[in-house]
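Next up, some structures in structure tokens.
Shared chain: chain A. Partners: chain B in the first complex, chain C in the second.
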Partner chain A sequence: MNTLSRFALAILATAWFTTAALAAGPSYRLEVAGLACPFCAYGIEKKLNAVKGVERLETNIKEGTVIVTMKDGVTLDKATAEQAVKDAGFTLNGFKQVSPGDSQ
Partner chain B sequence: MTRHVLYKALGGIAASVAALLAVGWLVFVPSPKEPPYAFVAAWGGKGDGPGQFNDPTGIAIAGDEVFVADARNGRIQVFDLDGNFKRQFGRPGTGPGDLGRPMNITVAGGELYVAEYWNDRIQVFGLDGIHRRYVGRKGSRPGAFNAPGGIAVSPAGDLFVADFYNQRVQRLKADGSFVGQWGTTGETGIGAGSFNYPTDVAIGSDGTLYVADGYNDRVQAFAADGRFLRKWGGPFAVNVHGPFAGWFATVTALAVDAAGNVLAADFYNNRVQKFAPDGTFLTAFGGEGKGRLRHAMGVAAAADGAVFVTDFDNNRITKWRPSDDR
Partner chain C sequence: MTSERTTLRCTVTFAIGFALQLVAMGVLREAQAAPMTFNTALPVADGEFIFREQAILEQSGNDPSSAARDFTVWSAVSVLGYGVSADVALFAAVPYVDKRLKLTESGSRRARGARGLGDVRLFGRYTAFRKDWPGHTFRIAPFAGVETPTGDDDRTDVFGRLPADVQPGSGSWDPFAGLVLTYQTLDYQIDAQAGYQANTKANGFAFGDVAQLDASLQYRLWPRALGPGVPGFLYGVLEANLVHNDKNESGGADDSSSGGTSLFLVPGLQYVSKRWIVEAAVQVPVLQRLNGTALENDYVVRAGFRVNF
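Coming up: the complex of A and B.
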């Protein structure tokens, strides 16, 4: 593969990843106490995954947080997040929208 | 004079409290009857390659093979008894052979039973990893599950399932038809026969059913005919958690060893506790020293007495032996 082809491929790959990143919707940081046990963590993930419009979840068991990323054009309201966490047997301690890649 | 009386009274109260604590300790913190198990080996590490794990949960033994539920990787990995990788099967998903957060597992009749927490079903595999059938479906009706956490199979072939969010243990025929249940669907409780998020079940050779009553921090035992027999874990086994001998901080898995003793994974206490069938505390291990566990999730006993534990936070499997083994 010559240099030009590699350059073109790199541009295409960058464009694809950028588009994919931009296509994702807003992200939210949920704080839930007592996530260390997998029964708890998977329970919350299961309930949140069932919420319409959820694209992906990133659970940090040690920090007791879940980052919920929504599909493009969809938002997550606090009441819905609260209900999902409650259905999993827990209490939502914190809820805020975060920038992509920001888990703090 | 008044001050003297006050000092005397305070001294009396302090002595009474100390006496009560001493009696409480003697009554509620049993001494071990056996030495702790000795650490033998560990294997794993975080990742998705062969022999690596991303949240190891359930574990089971079949002959000379160790089956491990690798939950976030959505697969089952198989090792020999020394931890050498042999094969793997499953991937995250919902189709036949796919796994959605596999939790506690068991081997019976030459088949592997996997409690799928996300897919609300029990999936049965051949030991070669070929999908054979499902049992159950999503829901709260008889025979349905809401996040099954563990399964046991009786010698007669009946299935016992810890139905986590339904707060019950169900007994089913091999084809999934409902036989009965313990606990009230969807309701937690601390009375005998009630549960607070049951996580796993195990069956003794006499048909006794042991239930890991997860957030009640106790084990409950039921006779083969369904009668409540006993419960243990902390004072009066009524949801009092703690780090002492015989107490729990979330029981996540159970196994019955070849001698009929009950092994319990004591998650937040980072240890496995061993009890006689009548609930007498025998020993504990894993909380300190070599092989120290960081959240004991699953436990399985081999025919030769070795015990295998899924060390959840360390993403590894640990192997232990009774200390007096030669």
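Coming up: the complex of A and C.
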């Protein structure tokens, strides 16, 4: 593969990732009280993943937070997030929309 | 006739001696979460399943009687937990057992044993109290259930009917109940449990009732410092089981060589990730005040895994 081909491939990859990122919808920071072990985190993630329109999740067990990124054009309301966390056996302690890259 | 009486005496003695071991190590443990030898109050998410498999080797010897009994039990216990709601979980524990007894009877060394499905345990747990804070939680959960007579209790060999403790099942419906408390932080977890099992009669025999107190401390050994994401945790585990068994009853009379009080310490390791747990521990008896010639427990080795799905 010559230099020109590598450059073209890099451009395509960058474009794909950028498009994917821009296509994602809003993100929300959920503070989950009671989350203190990895095994429990799975139950929370599974319940949140079952919410319609969820694109991806990023759990931070040290902070006790889950960043929920929705699909483009879909929003997450607090009541839905609260129910999902409750169904997992935990307590929603905080809920706010965050901008991309402001996950902490 | 004399030989039959001798066989019967040895059989009853054996049954009495091992009732303590089996009940102590088997009836009050559960499969859902953190401790390895008993229950926890941590949740099973609504509509979700947890599966646990545990292999158990129980070895007993040091027989105070002339029978020189040596008893080995291999068990594989499969447990399925289901979250009916965030506060209510149902569990089914299905054991497969392989029991081998060597003893001296009528002047000769004999080997007796049986393998097969054991007694299935069905129970439910309700989270009666829950307080969550950032990074830690405290829960209290009563539980209750029944040990069902799914295992055979009428196996025989060339020497006749097997002793009750060598049978794969008890033949009786045995209700149990208890209370478990859990305090979990990011660094450590403490569990404590009190339980009681009322063993009923089958075929003229009843294992003694069992009262048990358990405690468990899990301390995160690795990673020492938490970073972002959800890393796996390696816990060092130390548990304790204080078990009191009533005397067994056979033919309407208490057996004086059954029952007693035992204390076990259980060091172990447990690796916990989001989807699975692998764990191993050794139960070491540190105190065994048993009645008559009841057989002492040497050790119990446990190893297994749990899966979230």
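Quick note on the criterion: the second predicted complex is superposed on the first by the 102 of 104 C-alpha atoms of A that agree within 3 Å, B and C clash if a C-alpha of one lies under 4 Å from a C-alpha of the other, contacts with A are read in each partner's own complex, and residues count from 1 in each chain.
Basically, contacts are C-beta pairs under 8 Å (C-beta built on N, C-alpha and C of every residue); 3 or more make two chains touch, one makes a residue touch a chain.
What you see is a predicted model, and the numbers here were worked out from it, not measured in a lab.
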Overlay on chain A: chain C relative to chain B, clash or fit: clash
Chain B versus chain C as contact partner of A:R29, first or second or both or neither: neither
Between chain B and chain C, more extensive residue contact with chain A: C
Segment of chain C that clashes with chain B, given the candidates 9-17, 63-71, 153-161 or 189-197: 189-197
Footprint overlap on chain A, where chain B in one structure and chain C in the other make contact: 36-39, 42-43, 45-46, 89
Chain B residues within the chain A interface of the complex: 55, 57, 71, 101, 103, 117-118, 147, 149, 164-165, 197, 199, 214, 250, 252, 267-268, 295, 297, 312
Chain A partner contacts - residues on chain C that touch it in the complex: 33-34, 42-48, 83, 85-87, 127, 130, 132-137, 184-186, 189, 226-233, 272-275, 277, 306, 308
For the chain A and chain B complex, residues of the former touching the latter: 36-39, 42-43, 45-46, 49, 89
Chain A residues touching chain C - in the complex, by the definition given at the top: 31, 33-47, 58-64, 86-91, 93
